[in-house]
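Across the two complexes that follow, chain A remains constant while its partner is chain B and subsequently chain C.
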Partner chain A sequence: MSALSALARLEAVRAGRAQPVATVRHVHIADAPLVLVPLKLAGEAAAPLAVMAGAAPDAPSLLIVPQPRNRDQRFAFAASLARLVLNHVETHRGEVEELPGKDGEVRLRYGDAPQLLVPNRGGVRFLRLLGRSTRFRSTEGAYAVDAAVPVLGRWLTWFADRHDHPGSSLLGAATELLRLHWATGQSSLEDGNLAALMGWIDPPDGLDGPSAAALAEDPVRWPPAGPATDPTFDNEVLAPAIAAYDRSGGDARARERLRAAIETQVTPTWELMWRAVGLLRALPEAAGVARRWERDRDAFTHYHQTFGEAYPQARRDPPVRAARRLHDLERAQEAYEAQRAFDDPLVMAEQRLTGAAFGGVVTECHPERLDETGKRPKLRPLLRVATGDPVRLEPGTPVCSAARPALKGRIVEIGGGGVLVELTGGLGRRLVPEAGVVPVEGDRVCFTSRTEGSFGIARFPDREDTPWTHGGPPEDYVPTADDAREDWS
Partner chain B sequence: MTETAPDLDRLRGGAAPRNHDARTIAALTANPGCARRGVMDAAGVDKDAVARALGFPAPFGQSQFAITRGNVFEQQVKADGCAELLTLLREGLGLDVPEVAYDDLETVAGNEGRELRHIRTRRLLARALETGEGTLFDHPLLRLDIGGRPAYLEPDVIAFQFAGRFHVIEIKSFAVVDGQAEPEQVAAAARQSAVYVLALRDLVAELGHDPERVSHEVFLVCPENFSNRPAATPVDVRPQLAVLRRQLARLTRIDDILAELPADLTFAPGERLAEAVRTVEARYAPECMAGCEMAFFCRDEARACGATGALGRSVRDDLGGLDTIGTALALADGDLDPAADLAETAAQLRLASLLRAEALENAEARRAAEAPPAPAAAPAAAIPESRAS
Partner chain C sequence: MSRPPLMSVPHAANAETGPAPPETDPARAAGRVVADVLADLGGGHRGVVVDSPPGAGKSTLVVRAAAHLAAAGERLMIVAQTNEQVDDLIDRLAGKHPEVPLGRLSASGYAPSDRVRAHPAVRVAQKADDLAGQTVVIATAAKWATLQDGSWPWAIVDEAYQMRSDMLLRIAGRFERALFVGDPGQLDPFSTVEVERWAGLSWDPMRSAVSVLLAHNPDLPVHRLPVSWRLPASAAPVVSDAFYPFTGFQAGTREGDRRLEFGARGMGTTYDRALEEAAATGWALYELPARHTLRTDAEAVQATAALAVRLLQRGPVAHSEQGTAGVDAARVAIGAAHRDQVAAIRAALGPHGAGITVDTANRLQGREYDVTVVLHPLSGRRDATAFHLESGRLCVLASRHRHACVVVARAGIPELLDAHPSTEPVRLGVPVKFPDGWEANQSVLAHLAAHRVPAG
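Entry: the complex of A and B
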């Protein structure tokens, strides 16, 4: 948060409607994302009650667990969900691209990747726990489950893992994606309610944001977007319906009644999800999105191709893997923040406000200036940028152009309402800059000190060389019968 | 207390007082500076009933599935004189607990009166401190001095005496999966436990013993992974204790607040209830929604007067502590000359406003230049009549 986003909230209050905090879309939205609206039984860690799923607004499947405390029914549910999710994964690989890899080898990358969307962070957490509770199951022996169940568990774990990765679009929570682009006139706590958030962004005809959000807080009109259900619904509708199902001994009509009751709770969220997808899709895509989606496709290709050789993901990462993962996340965070600012002046405005970047008009330009102090002359154009921004950078700080990050420079002096920048890179190879590369007088420019790439490549020991400070080399994981037997009650 | 101040029984309108429970404790620790909550809790007012009477019922319904699950788990842990709990303490944590005695202090000979229960708690704990007798004391009724008034606490915990020290054992039904639980739930449990540790320490000190005989290490008993098997985790609540002590020390004395209030003030249901509630100042923050029954009423009030705090504490901080939305917007628009102490905040807001406008204009221009006009998805149009004051 910053004064800028706080101001956007105030403007939303004044306008009675959400205000943009981004001018472009910073997230990939697939042509056919798999939307999942999961519900769980209250009080349990990850006892699924239902999930509405589908890759098109008019074709949802509703899977339910009529008696969520029944282990067999849970695994039957997990198996049906597995077929649905795995089918989506397999049908969204696209054409295979062949890329030059290391040592002249060919590297493969799928042309597409599956995208999962859930309503909120709770949905992500639920998928993560569902993945954890299914991935170690055994498909043979006394507690055998359907072969698809542990496969689902591993994929869900992988998706939840990618969700932690800044800039990844493989598993998205609608509330987070919307908040990345709009600020509402309510608190971030209230933004966690998808219906209220959508009410501010896109109120129905005749309503403004606050009144739409107020209606959205009525759980009868807008049931919670899950995974937790409305307690009143639990007590007055769900519990009697489950009890009736139990008494009937699994009668189809009782099951159908239960299903219909649950459907009333997920359908409004289902429709909100597709409206949210539509709103996001209508925004122009930011330049960096395709690049980040490429990274997602790389990760997907790798996981898909090595799936058969690997064990389920460990309960806890061993030290080296944990350190490597943390490093990757930090690097991704830095790159993501930098790219978003390059792509979007409204995000860059945050940096300008804090003095890490500055923007203004070029008032003076020496495009062919040479630095002849060294052995060989170097092309070092000078620019003076008039700015009213509160620049908090020291002379000597490296900066780059927001419009073209390859154009690098260094601050020479600050003062008198302007900044003198010496350009040092991205000018071409010759002693005369390439045409159109150096801004000219009267151009609007923006330079920032935040660049990507300050994190070097990861240098971590191999697993076998884990230092004693970190417990020494971890034992190899071998699946045991205990894993498969774990209670799920 | 001055003579004109309303007395606590009158505030309650003659209804029976309510004890502090997990929720009021959470609200106390989350928002200690709220006078409204402070007075209502000190008087033991049924805030839920008040909120309902005001037309802002608190959405704290609990699903019967969650209640059942919680009760089943607690009963299971406590069954057969806490057999399972003792196994956990002995084997899970390696404590050498010798013989065991279990005392339930929930009722005293069928009587649930709080004075009586508190006296029994005191007596048993005094004996335990002197002689070392007794191991597990379930449902102790404690008292804590809050804002200069004693408040009864109804903790759903067990005081566990081991090697001359007391530990608080809290049974919670949220799952610990692979050694990790939801951070918010653990944090809430730790905050609550800290309150009980503090209350226990007060009691021990009153009884003439070293308060350090109540350990800062509490035991959290939760279901493990996806099963019903309990697992105990020691939690060090020293940080929470420090925060709590500071908050309690800073708490405005309830008597001082009362002295400012009209003598005939009462929260009894009636036409003047809303007016009566408004007489006592609230300090609303969105966090109140998680713990205070009055939250929806206070939110409505805060929104109506355009308080920046209704948007979240961080928003208020980002606005340099400005309290009203109208002032902040006027400063951002450059329509208001700031006072000297606001000059910096005003400059920041003005710049933020200009940068936002510049970026949005450029984006608009670019979109207009680039593409054939697409249906506008981003709502940018302002509705002038709802301009906040």
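Entry: the complex of A and C
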């Protein structure tokens, strides 16, 4: 925990209310996100019990599995969920944009993309497992499932994979999104409880954060946000209702009673989810969000367009794909952290406190200085920035301006309450800087060493050139009937 | 019947098992392992792995193996992890074997350091084609990964335990056979993202290059250098027991071979007492009263800096198998876990401590000093996270010295450890890591308890 977030937490305790740790919203919130509140059967890894789903607060659909141990019912449930999710995916593509691509070709990008929101990390894990258990199902032969089931599995897997991608907004967990913007006076573990977290951020009238969070501990008032259910509910309500349904032989009234019981467990979380969406939506959007959402739309366009010709995602990444994916994730992480700090002075303040960035007033400026040591002169303006920040950077460290990241520089010396920076890039092409590019004396500036793009483009061997150190080239995947085989407990 | 020669394992020798003693002469034990390694290079294996504990002559081995392969007429690439390490190797190799044509492949922004410029025969280039005539080409792994083609019959991968396996994947196409050298006890490679999806895969890109290599090629010969030439007799058993519990190593010198003396008498302060304890026994634990603090604990930072300055003021003289020499600031290092701690200690050192190296464990890897002062990673903490428990971090900090190590810590770390047992989830297919950081920390603290000097 950084000193700044520790301070925000202490202030939250004193104020009895969550404190902002961001001045702008760093995630995209769709106009109509598909909110999913999943529940699973206790004791099972991913046996679905119910999902409340919908893209508007007043129109939830509640899908249930009356006997979650029954495989046929599970996949019937998956088929109805599939229709709901796939319908959302297909109706949230927006207009198709045509962009100039490589070699004069036209590249397509959908104008919008579907966004899924779940209450917490457990919800993401559940969707990932549900995707894993449905994407290989066979639609013919023994144990055939509805044709929509494996399609749902592939989409859920894709959403869960995008969730791993730093800065992606395609699948979000409400607790994570809220914690990105507010600090509470409770522990991180307690922040995982959506009701308690919302209690701190937006306590009901007449209550403060701690008392609202204390109320959230009562599972009768605030049932767990899933996917695990409250054990007392399991024992006293759910188990008898499922048993009654079994005894009735699938009677509609027994099913309705079960459904009503489950509805009491998900409805409070459903309402919390939309309140959380409202809170997030009320924040002004950060400048970098649109750019990251563009990347999300690119990924969505690509996956949607190649869906027909691709196999279900492999159970395991082969060596080259694993290495590539890790590289992509690390690059995205670096870009995401840099962009958040550029967009938000409160995030930048954390970097300044750790000494990775510094801000202050320009006290000295030589905008037209030339470096003439090389073959031809180069424009290298010098800036001296007076700062009280605890700068912990070595001379020679590359930095960039927070206000305009294209303006790049290098630390020359640090000392005497100031930092001397040599500007090296983003000045224009000529030997005189473009107007307004170089800060002048008296300007407030902020430079950071956490820049984007330090990774560059990485080269990886082709799959068939996987080296001996990593077991050699993996065998080509050929779909077989065995793919659908599963050890059913 | 003659017994096979044992790898020397300290404390494993016992009198009942028979008359044949384990190899006790360290020079002969180490020489035999090096000879075995060089023999294996000609043995038709695709890879050879050499584990090296701290100060066991890893760089010397790399230089010898490089010269050995070059003498056999093989073209050779050497992979190091940082530019610093590359320059170090060039300096050693060019100094010891000036007849071997040597090239340094580097990124466009690289300016040759003094150590490289001291050897004008070494060619520095940005493209591999420009170095086609050089028998040995050295570069960082990141630079090697930018090459699209070209192939070398042999590679030597230095610090292979600090290289991530995805990097090995990217450079493995450049060589046919390779010698992997590294220290399994130091810090594991890390990633800036937390993803679980590859846990348990034998090619997990977050694991170290050596563990992935051995998972796919279990028959490769693995050698262990048995002697630490750096660590004194007072430290080798402690570090060996805590961090290399199953393989072990011994000190290259005996008790009494190394001595640390002070030119100036102390004034009886607690700093003096801690330094005298360290000079006499090789270890001291300067213990501040128990307290929960910020990471940059002002008192601990002050004590760490003051101990190092006081050490220099006492005019220390080191006697060792290499002769007698005064210990100046260049031979003293201060280690800490975090960069902000390092910055705070640097600021606290003042002019009397000018020239003392202060750095994090990551940056101190592979370096050697006469005396070290270490701010314990768990000092003043409320919790023991995986970062602070990582055995490699403490291992690096506790194994940089030739004579003595002074550890600065708040009281109460054993209790903190007891309150925070390792809770990392156990995953299928992931090899259990030894030593466990928790256990290693307890082991070192148990030893330090006998060298405790309470502050104030």
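By our rule, the second predicted complex is superposed on the first by the 482 of 489 C-alpha atoms of A that agree within 3 Å, B and C clash if a C-alpha of one lies under 4 Å from a C-alpha of the other, contacts with A are read in each partner's own complex, and residues count from 1 in each chain.
Keep in mind that, in the parts below, a residue touches a chain if its C-beta (ideal position, glycine included) is under 8 Å from a C-beta of that chain, and two chains touch if they have at least 3 such contacts.
Small disclaimer: the values here were computed from a predicted structure and weren't measured.
Trainee: Which of the two partners, first being chain B and second being chain C, lies in contact with A:His470: first, second, both, or neither?
Mentor: Once the two structures are laid over each other on A, A:His470 reaches chain C alone.
Trainee: Between chain B (first) and chain C (second), which, if any, makes contact with A:Arg392: first, second, both or neither?
Mentor: The answer is second: A:Arg392 touches chain C but not chain B.
Trainee: For A:Ala3, decide between first (touching chain B), second (touching chain C), both and neither.
Mentor: A:Ala3 contacts both chain B and chain C.
Trainee: Please indicate which partner A:Ala42 is in contact with in the superposed arrangement: first for chain B, second for chain C, both, or neither.
Mentor: It touches chain B, and chain C stays clear.
Trainee: May I ask you to decide whether A:Leu129 touches chain B, chain C, both, or neither, giving the answer as first, second, both or neither?
Mentor: Touch partner of A:Leu129: chain B, not chain C.
Trainee: When the two structures are overlaid on chain A, which partner does A:Leu431 contact: first (chain B), second (chain C), both, or neither?
Mentor: neither
Trainee: Tell me which partner A:Ala15 touches in the superposition: chain B (first), chain C (second), both or neither.
Mentor: first
Trainee: Among the partners chain B and chain C, which is in contact with a greater number of residues of chain A?
Mentor: Comparing chain B with chain C, the partner touching more chain A residues is B.
Trainee: Once the structures are superposed on A, label A:Asp164 by its partner contacts, choosing first (chain B), second (chain C), both or neither.
Mentor: After superposition on chain A, A:Asp164 lies in contact with chain C alone.
Trainee: Contact-wise, after the overlay, does A:Val440 reach chain B, chain C, both or neither (first, second, both, neither)?
Mentor: Neither: A:Val440 stays clear of chain B and chain C.
Trainee: Do any residues of chain A touch both chain B and chain C, and if so, which are they?
Mentor: Shared contact residues on chain A (touching chain B in one complex, chain C in the other): 3, 316, 390.
Trainee: For the complex, give me every residue of chain B touching chain A.
Mentor: Residue positions touching the partner: 59, 61-70, 173-175, 177-179, 182, 223, 225-229, 286-287, 289, 303, 306, 308, 310-312, 314-315, 318-320, 325, 328-329, 332, 348-349, 351-356, 358-360, 362-363, 367, 370-371, 374-375, 377-383, 386-388.
Trainee: Which chain A residues qualify as touching chain C in the complex?
Mentor: Chain A residues touching chain C: 3, 164, 166, 316-320, 322-323, 326-327, 329-330, 333-334, 354-355, 390, 392, 458-461, 465-471.
Trainee: Give the list of chain A residues in touch with chain B in this complex.
Mentor: 1-11, 13-20, 23-24, 41-46, 125, 129, 132-133, 181-182, 185-190, 201-202, 208, 210, 219, 229-232, 234-235, 238-239, 278-279, 282-284, 315-316, 344-346, 348-349, 352-353, 359, 388-390, 486-489
Trainee: Mind pulling up the chain C residues that touch chain A in the complex?
Mentor: The contact residues of chain C facing chain A are 46-47, 145-146, 148, 165-166, 168-170, 172-173, 191-193, 195, 197-198, 201-206, 209, 212-213, 216-217, 294, 339-340, 343.
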